[in-house]
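Next come two complexes built around subunit A: one with subunit B, the other with subunit C.
Showing the complex of A and B:
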């Protein structure tokens, strides 16, 4: 298990967050430019939740994600190229162009394609964990969802089953204060989402979701609990979406003061400051990271622009699995 | 060779598949409770004794446990999900339609979802919410396979084939066909017993079955209606009308080769369906046959467009019966009644 004190590891956490931010800002530009089809749901400001949780997982652990999954994907090891190709609908994308931005995933890297129905991934994650338990595998599932999901029946039903069967699931609630445009306190009577875990008889914890090391520590301890048969765990990660809910959302519902407050708590900039202060990285190293991330992204865009699109022949493939393996 | 009813045949199929493959397990409400019922219709009765770790008894949470089954199926298990009444599939439908049926496609073929969903259907004196014929709601969902056995032989063979298939398969079971005898036999139950071979056998998921040959008109039906169609054909034969009866059996995908060949031969297609006429599977069969066969004459016998009623005379009027099928066949054949 990786130690938090390890400087290289901390630099890697930062690098991963910078890559996500670079990707999201780049994608936003491509989208506004009109180069990219479809719609996008981005995660600027929430990089620490994805990176902190995924850094605590093994390569063979799984995550489920949502329509806002770009950060989760990059944190779980998917490449910018796979994602961009998918976002452009290319046949070289992680889902062959059949998924799109809301359904990115790569099972070989432990990421189920994004489930874009709110809370739809919650029972799914419980089922994956049930399969691990029945097969006596020691993998865990981290199930990402937003604050909006806890109002869904699927959330209640899924976490309850995970609880009664002690399933190895880390339920990761990225509480960014808004379900689309609706503020969470308008649709929830209690202040803390983590408190809901107690109602189902398992452990819930609220963590600063903009502190990647705090997230990592909480996820690491949750993963350990799960592997020891003491799951599930609910982590409520407090964070903020520094971008619209989806394309062209000016997020006028977020008060200016609130936005500023959260920008001051930006997960990347606060971590950069900490690493500099503690002498782990200097300015030059951070700038190098940013430059490399930009370069990587730009290269990927270049390739994506000439990536092959699916043909009409692909329309009717992948509906059914071809033959029984049983 | 043994004579078994549908519930026993299904139970035997489940037990054999669980014995054969350790990844097969059952999940659902009231299925593994010692002293309990073995599901609403006894199908899983006693299995918890043989397979204590693989009968997963759930809370009353259809959306949740269907989602759990999808997740488990993705990770190498082969769940058989049991819903007490088909009507409850509406609760589970997000997981069935948005996840089970689509995950393979939207992942570009990365995922397999080998799960079986068992759902009892049919009007049986329980009023409007424990009675619907649910086939129509799922037959048009790409990525789902749907079968509907009318007898014990098919029930066992189809269920075993469904377990071995790598896709989500729904199997609709009619409550009046589970068994005409025993503690949970339904008033009005029919004899759907079959001679069950002692050897391992499968019934393909994509094949209709011609249960009675004829040249004048084809009656297409499934589940309970397949029995009524046969009875109607016997009555029609007495009047000199030779009706062919096709047990459609595979509702999605439909076995167009068999359906078309029969309708082409007789030139007349009568589709019989329990459940409202509008938007039913029968409409799909009629349209599909009309597209394939010039000059085909087609008609439907179905329930009226009303919820399922409770009172016996109303329920009897709701459910298509032999007399209505005979009358419709006569009309289609131009035989005066």
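Showing the complex of A and C:
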């Protein structure tokens, strides 16, 4: 079991968050330059939720993601190149260029392609966990969704099903205060999303979603419960989107004071400060991490610009599952 | 002009330039204000350098992808 006191492990958590931020910032400019087709949904400010949860999972555990999935993917082990190629529609992308930003995933790395329908991943995660349980596998599913999902019918059906059958699902609610532009308190009567778990008879917990170590600890304990047959668990991770809902959203609904407050609680900068203070890393090590992330991203961009697009022959591939052999 | 409208690819109205021609500009710094079919927003510079020229006038709609400014970068 990974120890939270391990300096290398903590440095790795930071490195992964920096890689996500670097990727998202780089993609933001590629979009502004007009180099990237379509819109994109980014996760600057929410890196700790993806990294903390995925660090607590095994490589063969699965995650389900949403339309805001770049961070989840990088946290689960997909590479910048796989993602960027997919965002550009290249056949070398993680979904052969047919998915795009909202549907990134890689089954070999334990990530089902992103489910862009709000709350759509919740029943799906319950189904995956049921399959694991019936086959007596000990894998768990971490199901990511936002605060906008918890008033959807699919959410209630999915969590209820997981509850009655004690399925190994960690329901991870990234509560970033807004479902697109709607504040969560306008659409929910209770203050804590984690309390919803009680209605279905399982455990719910609210955690500082900008503290990667707190997220990791909560996810690790949730994964243990799930593997011991005591699932599911609902984790409400309090975080903030430091960017628009999509690239076309100027987020005028976020008050300036609120934005500043959350920037001061930035998951990367607060963790950098903690690691420096505790002598785990010095300035030079952090700067090296940032430089390496930038270099890795820039290299990926160079390759993506000349990556091949799908051909006509690819039109009917990946449409049907191969026939099962008896 | 980046593709910022809610209706993908629709024209975008230039409201005003936030930096005068000849001024230094940083990547990520707001360069101009535009109005889309849904909202008013700032467009950030994609490069660091000097704003050499603006081609889009205020209160005129611009097609997505059109060159609206030139930024001279240091060699």
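Basically, the second predicted complex is superposed on the first by the 323 of 326 C-alpha atoms of A that agree within 3 Å, B and C clash if a C-alpha of one lies under 4 Å from a C-alpha of the other, contacts with A are read in each partner's own complex, and residues count from 1 in each chain.
Please note the rule applied: a contact is a pair of C-beta atoms (placed from the backbone, for glycine too) under 8 Å apart; a residue touches a chain by one contact, two chains touch by 3 or more.
Every value quoted in this text rests on a predicted model; they were computed, and no experiment measured them.
Engineer: Mind checking subunit B and subunit C on superposed subunit A, clash or fit?
Structural biologist: Verdict on subunit A: subunit B and subunit C fit.
Engineer: First (subunit B), second (subunit C), both or neither: which does A:90 touch?
Structural biologist: neither
Engineer: Based on the superposed arrangement, let me know which partner A:247 touches: subunit B (first), subunit C (second), both, or neither?
Structural biologist: second
Engineer: Which holds for A:317: it touches subunit B only (first), subunit C only (second), both, or neither?
Structural biologist: first
Engineer: For A:34 in the superposed arrangement: first (subunit B), second (subunit C), both or neither?
Structural biologist: second
Engineer: After lining up the shared chain so the two structures overlap, which partner does A:237 touch, if you call subunit B first and subunit C second: first, second, both or neither?
Structural biologist: Neither partner.
Engineer: More residues of subunit A are touched by which chain, subunit B or subunit C?
Structural biologist: Between subunit B and subunit C, B touches the greater number of residues in subunit A.
Engineer: When the two complexes are placed on top of each other via chain A, what is the minimal CA separation of subunit B and subunit C in Å?
Structural biologist: After superposing on chain A, subunit B and subunit C come no closer than 21 Å at C-alpha.
Engineer: Would you mind listing the overlap between the subunit B footprint and the subunit C footprint on subunit A?
Structural biologist: Subunit A residues touching both partners: none found.
Engineer: Within their complex, state which residues of subunit B touch subunit A.
Structural biologist: 21, 23, 25, 53-54, 56, 58-59, 61, 63-79, 94-95, 98-99, 103-112, 114, 142-143, 145, 163-167
Engineer: Under the definition above, what is the set of subunit A residues touching subunit C in their complex?
Structural biologist: Interface residues on subunit A, with respect to subunit C: 29, 31-34, 38-39, 247-250, 252.
Engineer: Mind pulling up the subunit A residues that touch subunit B in the complex?
Structural biologist: Listed in rising order, the residues of subunit A that touch subunit B are 62, 93-99, 103, 105-108, 112-113, 115, 117, 120, 122-132, 134-135, 153-154, 156-158, 160-161, 164, 317-326.
Engineer: If you look only at subunit C, which of its residues touch subunit A in the complex?
Structural biologist: Per the stated touch rule, the residues are 2-6, 8, 27-28, 36, 38-44, 46, 64-65.
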